[in-house]
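In the two assemblies presented below, chain A is common to both, partnered first by chain B and then by chain C.
Take a look at the complex of A and B:
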């Protein structure tokens, strides 16, 4: 019991909204509802919901880098793409037996993180910050998109995996759970839904612990005043790099899940539009908090899909308008602003109080 | 051995010679004030000591170790700490969290809460612990930052105009705070404009003028020095200053 209390205490802190039994009761109810959802729905719809979920990891990673760390990365899709393609190349070559797809997942995410470490080293140890960080990261993802787009020829293959240029790489096996009595192939259906939901809960809680730790303290200190943070004896470059790598790994996880979900990935997943969308999700929901980012991302994605069905060409315009409105009317994010508005009459303390 | 020493320190920004052959020695336990008219190079000297700018030539020694090539955070870890002129606090975070960020790596996690409480008391900020630091009054912000700087338990505390924008009462209280810290063994180097504050705390005063050490001594000797009064009143021409400084370097000015 004592260990449990201590665990819950680490999940709460000044860096996250939501604390106390009421919040965690709500959390348990939300997770229970999410778990019960496949019972009242059909496999196709549930599989479609997984599609939403796959993006949340990238959004949470950007929330960490941008909302908590104060560095706007415009190129999270680069890590998404690298991990997605890596998963494809690995699984097309080595198959799905013996749980290899999950090993491929780990390798793909590690490759994305390694690439982020390399780029991040030059960015942060070169003291590049602010808008220049956004420009460089955007350039990286656009260069990768261009590169992958010209790989249509048969000479562009790794082992038996054709890169296929703009047509995209396809037919990689989906994630496959080794199971006694026959592997469970995780097609976009109820099984995959539960696996991704479990990942989501674990990563959400892990990130809560991270941002409320001493590491998280330094992270928000860097966002607020990097010079002061350094003058307290912190090597802020290492903290920024570490955060960047974690965020990239999460984008990579999104990339793997997306690729496995649709058995398909194309260069446009690293293009301009794709790169801009995570910024819209995170900004609209409220970038300075993990929970608002999560809720915001799911909401915006659902709205986006509804718009795409009813009038595809306007969906992106509406996305852009949402971003502009958020920046003008509620810079800290719509959900954040709304939550504070609702909470204010009941709260004895001001937001940010400890 | 001096705690902090600069040897023939120079800094040029293009043709501007902002720090000109400065030799400074700070003995352990001293409160040393750096004064001088605007543009004398006080802030630049400060930034050189902190490592925010690399010097053009010369060396900086801390407790006998050459720290000229070290980065700012490495100098902080050697036992320096700084309070900036404009309060460098984390405005969107609570007062308590500001202190926690400063202190979390210097104290046992088990006693951190008590230590923060004690420091809040020392700073008269206990009642404001939960407020956002950005909502404090100007004087409170200055104290909070002094508190953050002090919480690192530095051997050398660097204060850049600690009383800027403070009322006379707040200035006096800040002076008492500095004296208490000094009595506990902290060596202090302060850039300061307020002569009442300098008189209140300083053991030793260095006057900078046009990037050079113009005069050095106790506060009484400095105040009695007519040439110091002259540069403050703007009567000294650059030529006179050059003459006077060469004079100073031969030791003639030391009162």
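Take a look at the complex of A and C:
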């Protein structure tokens, strides 16, 4: 019991919204609802819901880099793509037996993290920050997209995996759980839903622990004032690099899950438009908190999906408008703006308030 | 192939790459250098210039005038964007990038909806000439000349005109300039419009050489970003030498391995340069001068 309370205490802190029994009761109810959802729905719809979930990891990673760390990375889709392609190449070559797909998942995510460490070393140790960080990471993504788009020829293959240029790679095996009495192949259905939901809960809680730890406090100190953090004796470059790598790994996880979900990955999943979408999800909800990012991402994705069904071509215009309006009218995110609006009549007036 | 032809070929490719880098970057560099704002909708202004140019050319306007028209229309759109969006975000540079990215999404997709996935282009004018059995496009030489003209024009504008003096005063100490009676808001609007207009000019100039699609802006922005990052905040001491340096990298890599490796070479070059010179070439030059 003592260990459990200590565990709960580490989940709460100054860097996250939501604390106390009420919040965690709500959390348990939300998870229970999510777990009961397949009971009241059919496999196909549940499979589509998983598609939403796969993106959330990338959003949480960007929330960590941008919202908590204050470094704007536009290159999250590069790591998404690297991990997605790596998963495809590994599983096409080595198959899905003996739970290899999960080993491939780990390798793919590690590759994305390694690439991020390499790029991040040059960026953060060159003390690149602010706008330049954004445009260099975006340039990396765009070049990677163009590189993958020209790999159509038969000479571009790794083992038996053709990269297939602009059309993308397909037919890699989905994630497969080794199970006594026959492997469970995780097609977009109820089984995959539970696996991804479990991953999501674990990663959400782990990130809460991370940002409320000493690491997270230093990270927020760097966001608020890099010089001050440095004067206090922290090597801010290492913290920024660490954050960048963790965020990239989460984007990589999204990439693997996406590839396994649709058994498909294309270069355009790294392009200019694809790279803008994570920014929209994170900015609209409220980038400075994990929970608001999570809620914002799910909401924006649901809106995007609904728009795509009803007027496919206008969905991106709406996304762009949403981004511009959020930045202009509610810079810290819609959820924070709404909360402030609701709380205003109840708030005590501080001396000095207008 | 003798040495002279080889030298000419190398020089031609260098000039081509230099013109592309200067023209695609100078609009972005003016806005960044003067206002500290990175305009991610830069590619969409280029596209706007290209579309207006080609539409005007189809309507019978002579090409040089059509290109000018493309630049002017882009500049006007830029002025509107500055007044409606950018003006409110000067104290939040990171948010400006995000907002302009939103505009870029709207621009690309809006064009796709309104004008369809492609537009009939105009042919490249002037034909070609040959040196040593290889043929070269005359228009590429025109583009190189235009790049030099644009750089010279910007130098003249910022150093010899009243607007230039006011603009430089505004970047150095905005509130002092305002106290001396400079309308700094107007200066910012005009500077943003100038940057957008230069982007439109680049689009207009390159419109005859490429296919017009709503995503054509992305062809330019990577090069523009890289040049601005390597160059740093000053257009003349930064963008021009950065373009010259990167043009060597790009032309060499392109002639050895092809277009894509030219871009990869640029990217590797920029990552190495920022590790060594975080403030770009102009940071290095200005620090030595100071």
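As a convention for this text, the second predicted complex is superposed on the first by the 339 of 354 C-alpha atoms of A that agree within 3 Å, B and C clash if a C-alpha of one lies under 4 Å from a C-alpha of the other, contacts with A are read in each partner's own complex, and residues count from 1 in each chain.
Basically, a residue touches a chain if its C-beta (ideal position, glycine included) is under 8 Å from a C-beta of that chain, and two chains touch if they have at least 3 such contacts.
Predicted model only: the values in this text are computed from it and were never measured.
**Student:** What is the contact status of A:233 with respect to chain B (first) and chain C (second): first, second, both, or neither?
**Tutor:** Only chain B is touched by A:233; chain C is not.
**Student:** Specify the partner with more touching residues on chain A, choosing between chain B and chain C.
**Tutor:** The partner that reaches more residues of chain A in the superposed model: C.
**Student:** Just checking: does A:224 make contact with chain B only, chain C only, both, or neither of them? Give me first, second, both or neither.
**Tutor:** It touches chain B, and chain C stays clear.
**Student:** For A:9 in the superposed arrangement: first (chain B), second (chain C), both or neither?
**Tutor:** It touches nothing on chain B or chain C.
**Student:** If you stack the two complexes on chain A, which partner ends up touching A:323: first (chain B), second (chain C), both, or neither?
**Tutor:** A:323 sits against chain C, while chain B stays out of touch.
**Student:** Overlap the chain B and chain C contact sets on chain A and report the shared residues.
**Tutor:** none
**Student:** Sort out for me which residues of chain A touch chain C in the complex.
**Tutor:** 72, 74, 119, 122-123, 125-128, 130-132, 134-136, 138-140, 142-143, 146-147, 150, 271-273, 276, 279-280, 283, 313-314, 316-317, 319-324, 327-328, 331
**Student:** Per the contact definition, I'd like the list of chain A residues that touch chain B in the complex.
**Tutor:** Interface residues on chain A, with respect to chain B: 14, 214, 217-218, 220-221, 224-225, 227-236, 349-350, 352-354.
**Student:** Which part of chain C faces chain A closely enough to touch in the complex?
**Tutor:** Result: residues 32, 36-38, 40, 43, 85, 88-89, 92-95, 97-99, 101-110, 112-113, 215, 218, 221-222, 225-226, 228-229, 260, 263-264, 267, 270-272, 274-276, 278 of chain C touch chain A.
**Student:** Inside the complex, what are the residues of chain B that reach chain A?
**Tutor:** 50, 71-73, 76-77, 81-82, 84, 88-94, 96-97, 100-102, 104-105, 129-132, 145, 148, 152
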